[in-house]
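Structure provided below as structure tokens; questions to follow.
By written order: A, B, C and D. Residues from 1 in each chain.
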Amino acid sequence: MKVRVLVRLRPGIMDVQGAAVQRALVGLGFGDLRDLRVGKVIDVDVDASSVPAARVRVDEMCKKLLANPVLEDYTIEPVEASSLEATSALR
Amino acid sequence: MKFGVVVFPGTWSDCDFHHVVSEVLHQPVKYVWHRERDLGDVDCVILPGGFSYGDYLRAGAVAGRSPVVEAIRDFAAKGGLVLGSCNGFQILCEAGLLPGALLRNECLQYRCQSTHLVVDNVDTPFTRGLRPGQVLTMPISHGEGKYQVDAPALAQLREHHQIVFRYATAEGAVTRAANPNGSLENIAGIVNEAGNVLGMMPHPERAAEAVVGGTDGLLLFQSLLGSLVEDGTFLKR
Amino acid sequence: MALAEPKVTLDLARGLGLTADEYDRILRQLGREPTYTELGLFSALWSEHCAYKHSRVFLKRLPTAGPRVLQGPGENAGAIDIGDGWAVVFKMESHNHPSFIEPFQGAATGVGGILRDIFTMGARPIAILDSLRFGDPNDPKVRHLVAGVVSGISWYGNCFGCPTVGGEIAFAPEYAGNPLVNVMCVGLVRADRIFRARADGIGNPVFYVGNKTGRDGIHGATMASATFDDKAHEQRPTVQVGDPFTEKLLLEACLEAMATGAVVGIQDMGAAGLACCTSEMPARSGTGMEVELSSVPQREEGMTPYELLLSESQERMLLVAARGREGDVRRVFAKWELDAVKVGTVIRDSDLIVRHQGHEVARVPVDALADGPRYEKPTAEPAWLAERRAFDPLTLPPPEDLPIALVALMGSPTIASKDWAFRQYDQQVGINTLVLPGSDAAVLRVKGTRRALAVATDGNGRQVDIDPRRGAAMAVCEATRNVSCAGGEPVGLTDCLNFGSPERPEILWQFAETIEGIAEACRALEVPVVGGNVSFYNETSGQAVLPTPVVGVVGVLEDANRHATQWFKSPGHRIALLGPDDVSLGGSEYLWTRHGRVAGRLAPLDLGLERRVQRAVRAAISAGLVTAAHDCAEGGLAVTLAESCVTGPARIGAEVAVEAPGRIDLVLFGEGPSRVIVSVAPERARGFEAAMAEAAIPWRWIGVTGGERLVIRTGRAAVSVGLAEIDNAWRSGFERHMA
Amino acid sequence: MKVRVLVRLRPGIMDVQGAAVQRALVGLGFGDLRDLRVGKVIDVDVDASSVPAARVRVDEMCKKLLANPVLEDYTIEPVEASSLEATSALR
């Protein structure tokens, strides 16, 4: 079962990376850029009988290791048909 | 020979290269600010080490798209000599002036250590003073030095003898254990097809005085100094 | 502007870390109730971290003057004249609490903070040293902390571009709940170009430069002034994030702006941020300051005056410019793509006047803020100490397996190689590093002169635990001896004093004794203390760390080429032991690793002898008489010799015989001050003997280098270990935990 | 207009970081983990009149800077209602 974890900095935590990339893009002529933030995407394939079961497992992984609760929030998303394609194309 | 040392926000080997060129080689040298679109009167441009723009997105990514790099592109196309070390190598790859890319070290940690390099190609202006198979000692200092390129491009690199330095043992054996960052084929430095643009992860400027890390790095500069011909072309051998 | 601010009450003040007495004092000094914003100012500036409430009376005891001192304590960092118009600027600081909460960012921002302390003085940082203490590395939680802290230091220092050339990493269970992360930075500046954190010149504009302000680390200073309990992790929102790239730009911009002559004074916004700068800078100058907070560059929306004043966002400075030179400041910072915004003015009245969108939100005499309360709290020798000291380690059986004992010591995580950490640090940027990490002290040349600097940090919590006064004096001796063993004459010292809660009389007694010990040693060695840091409240759930003063020393070598390293250079060199025979197993690494005890008495310390030994070592190095010099420290003589055998580029064995009083384990592993081993090429032996005779110190030849083993004979006993075994233990002792 | 870019290593390029995280998770008892890969998520807010227009702009950003074609593939996704919530909670 494939799910995807998005790990992002918690609100209020300075996004050093995002700010630098944003400045660079504006310098490259993207004046229409309003905001940019950088996080991690973690594509996980886990043995589970259902998406909810996979979610529970991956949530444990996030709590144990994947996200740093001091700095980061995470969301777990099922990988839907469309994005599944994109993902599998990566393999 | 007139040198230009490029300074990006976050560059830190600029002063070290400047020091070596002016105090050790006694050659004229100036700094080139990253916003400049004209390199002025220089024979060799150095892209030094550091963390340009913090390397926050990918090492060298932002710098690789800066105004000065466009000037360097023209300069190189006309045969100007370009030496990129460490972050400079990363920038040259990001700018497409050299093939491939530099990934995070396989150990996932930064590495600052002495390395041995075996010289594969002595037909470049940077290595013409060296023997084939000669082993040089030079430090590395980077977190993203794992050279990566796809199979066709690697075949091309080989065909055109673009691989210049490979990580090796003190005896010159190219082994896995001698590879500090997981680099493909132990690649530590490459040139472009024309041979006038060199990118390397090790720091020659840190091995240019006996008191600090030996003098093997100086050999590169000494090769360069003799390479310039009156008409503006350069010698490969 | 109607901000719904909490009503100021004693309870609220208490919640912010102030006591009832302190609240009274605020009422008296203001003659009225403080506003909420004003209360915030007091709570931050009167925190232990900023005000040194409990420590100030003791710190006065430290010797801070000397002919070379250009700047003693009281500024962002101390400065020492090193000749040829150059000054060395240095300081050490702790970031213990933030590193426990978030090891990577905590350690990274610790590096950022100390770098700023150096370059606010106008100096370019040339070296970082990190002194770290953790719990037992067998504990995965500890390993996580070690890995995070080391990579945080690596990331910040490397990205910024300052080499990390030295430091130490030691382990003891007492640090499990509260690791120590102390970082020292050393910089160079022209002696007549030192900048200070002053707000001189009525009417001069005040600029905010650097990163934007967010809600990071609000009440960080207060946090560093409280002990941890099990809820430590709930304090997380205060975590600050480092931005070494911006710091590098800030460095270049600040130095460039200073060079224009437009800068009058400058201070980094560290603990207590804007509040600290806007009160301390005018307080030093006898002026006042008015600021408009809405001009402060902000990263987040809707920040209150309270938040803007107390934010500890990183990579920011407050700069007082010369009136009329605003354009120069703006131009330089624009070049480096940094904010430089005028936020205020230096005023005559010695008040800090804070406005937000034109409304006054605080008006406080700057002296009231900057001169916080001082306490002379009771001290008491801990009840357990006498018993611990009465213990005689020689009542324990001597080891039957001497080689195993030696190999075990070499592999103890505290003694073992720290290459795993140092190879993650850039050690060479600047191409000044003549001696890399791994010897007694790092050596850096000073370009443009013949000189070099030697730098080292040291501290031994176990020794201080059983005898704070002598243990602290011994830390000073060891750090200076390390510098001397590299050939440097110690010229200045900084310290970081890591202790538990000063509200406990036993802890405060340890602290007071420690200060006395440092002061005695510094006076005897004529090394002034020019700056430092006190970190109290290093405890979790009532368990304090070992009392740990960490000492950082800078030394000067007149001739950069005449320096020494600790490892043997070739076979056939004679080995000499300099210094007294007196050693002890009390508080030793051996007693801890072998028997799990921290007890006994420390060896005697003769400061006059210490000084003569160091002078003799330096003279021998500068005369080119020795090929290696190594200070005898943790693990005693046997470990010192073993280190000289295996820590260099080539393994070189040794055969020595030591006729010294006492049991074999005492002779081999006993620790004591003022001892150094050196190696001497045979053709220099006569010259060396003559030099030692002149030095008037005890010394003797003990053996010769060479072979594949380390063999030590004493009396009828002997220990003989293959170098490969020693080397393996030493190389893997720490690293195997981190793999 | 908010869109999200997912940047992942191209197939064939070893994901050393993902492998290390995977090993660590297995060590923590997640034997049911089959595969894990780490990439970047870049949340972009761009001035644009429509999602397709935003996509075009962000695609340019990717080509110019955000992804390195030697190493990385990227996909651009609109931010849907559900994930929008999660994202906006981060501001």
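Methods note: a residue touches a chain if its C-beta (ideal position, glycine included) is under 8 Å from a C-beta of that chain, and two chains touch if they have at least 3 such contacts.
Note that the structure is predicted; figures quoted are calculated from it, not measured.
Pairs A-B and B-D differ in how many C-beta pairs touch across them, and the larger number is found at B-D.
With centres defined as mean CA coordinates, chain D is found 6 Å away from chain A.
Distance from the chain A centre to the chain B centre is 35 Å, each centre being the mean of its Cα atoms. Chain B and chain D have Cα centroids separated by 32 Å. For the pair chain C and chain D, the distance between mean C-alpha positions equals 41 Å.
The residues of chain D that reach two or more other chains are 64-66, listed in rising order. Touching two or more other chains at once are residues 243, 245-246, 337 of chain C.
Residues of chain B found to touch two or more other chains are 53-54, 56-57, 61-62, 65. Here, these are the chain pairs in contact: A-B, A-C, A-D, B-C, B-D.
Residues 6, 8-11, 18, 21, 24-25, 28, 30, 32-48, 57, 60-61, 64-66, 73, 75, 77, 83, 86, 89-91 of chain D are the ones touching chain A in the complex. Chain A contributes residues 16-17, 20-21, 24, 28, 38 to its touches with chain B in the complex.
Against chain C, in their complex, chain B makes its touches with residues 9-10, 12-13, 15-16, 19-20, 49-51, 53-56, 109-113, 139, 141, 143, 203, 205-206, 208-209, 211-213.
Those residues of chain C lying in contact with chain A across their complex are 101-102, 105, 211, 214-216, 233, 236-237, 239-243, 245-246, 299-300, 313, 337. For chain A in complex with chain C, the residues that touch the partner chain are 12-14, 16, 20, 23, 68-71.
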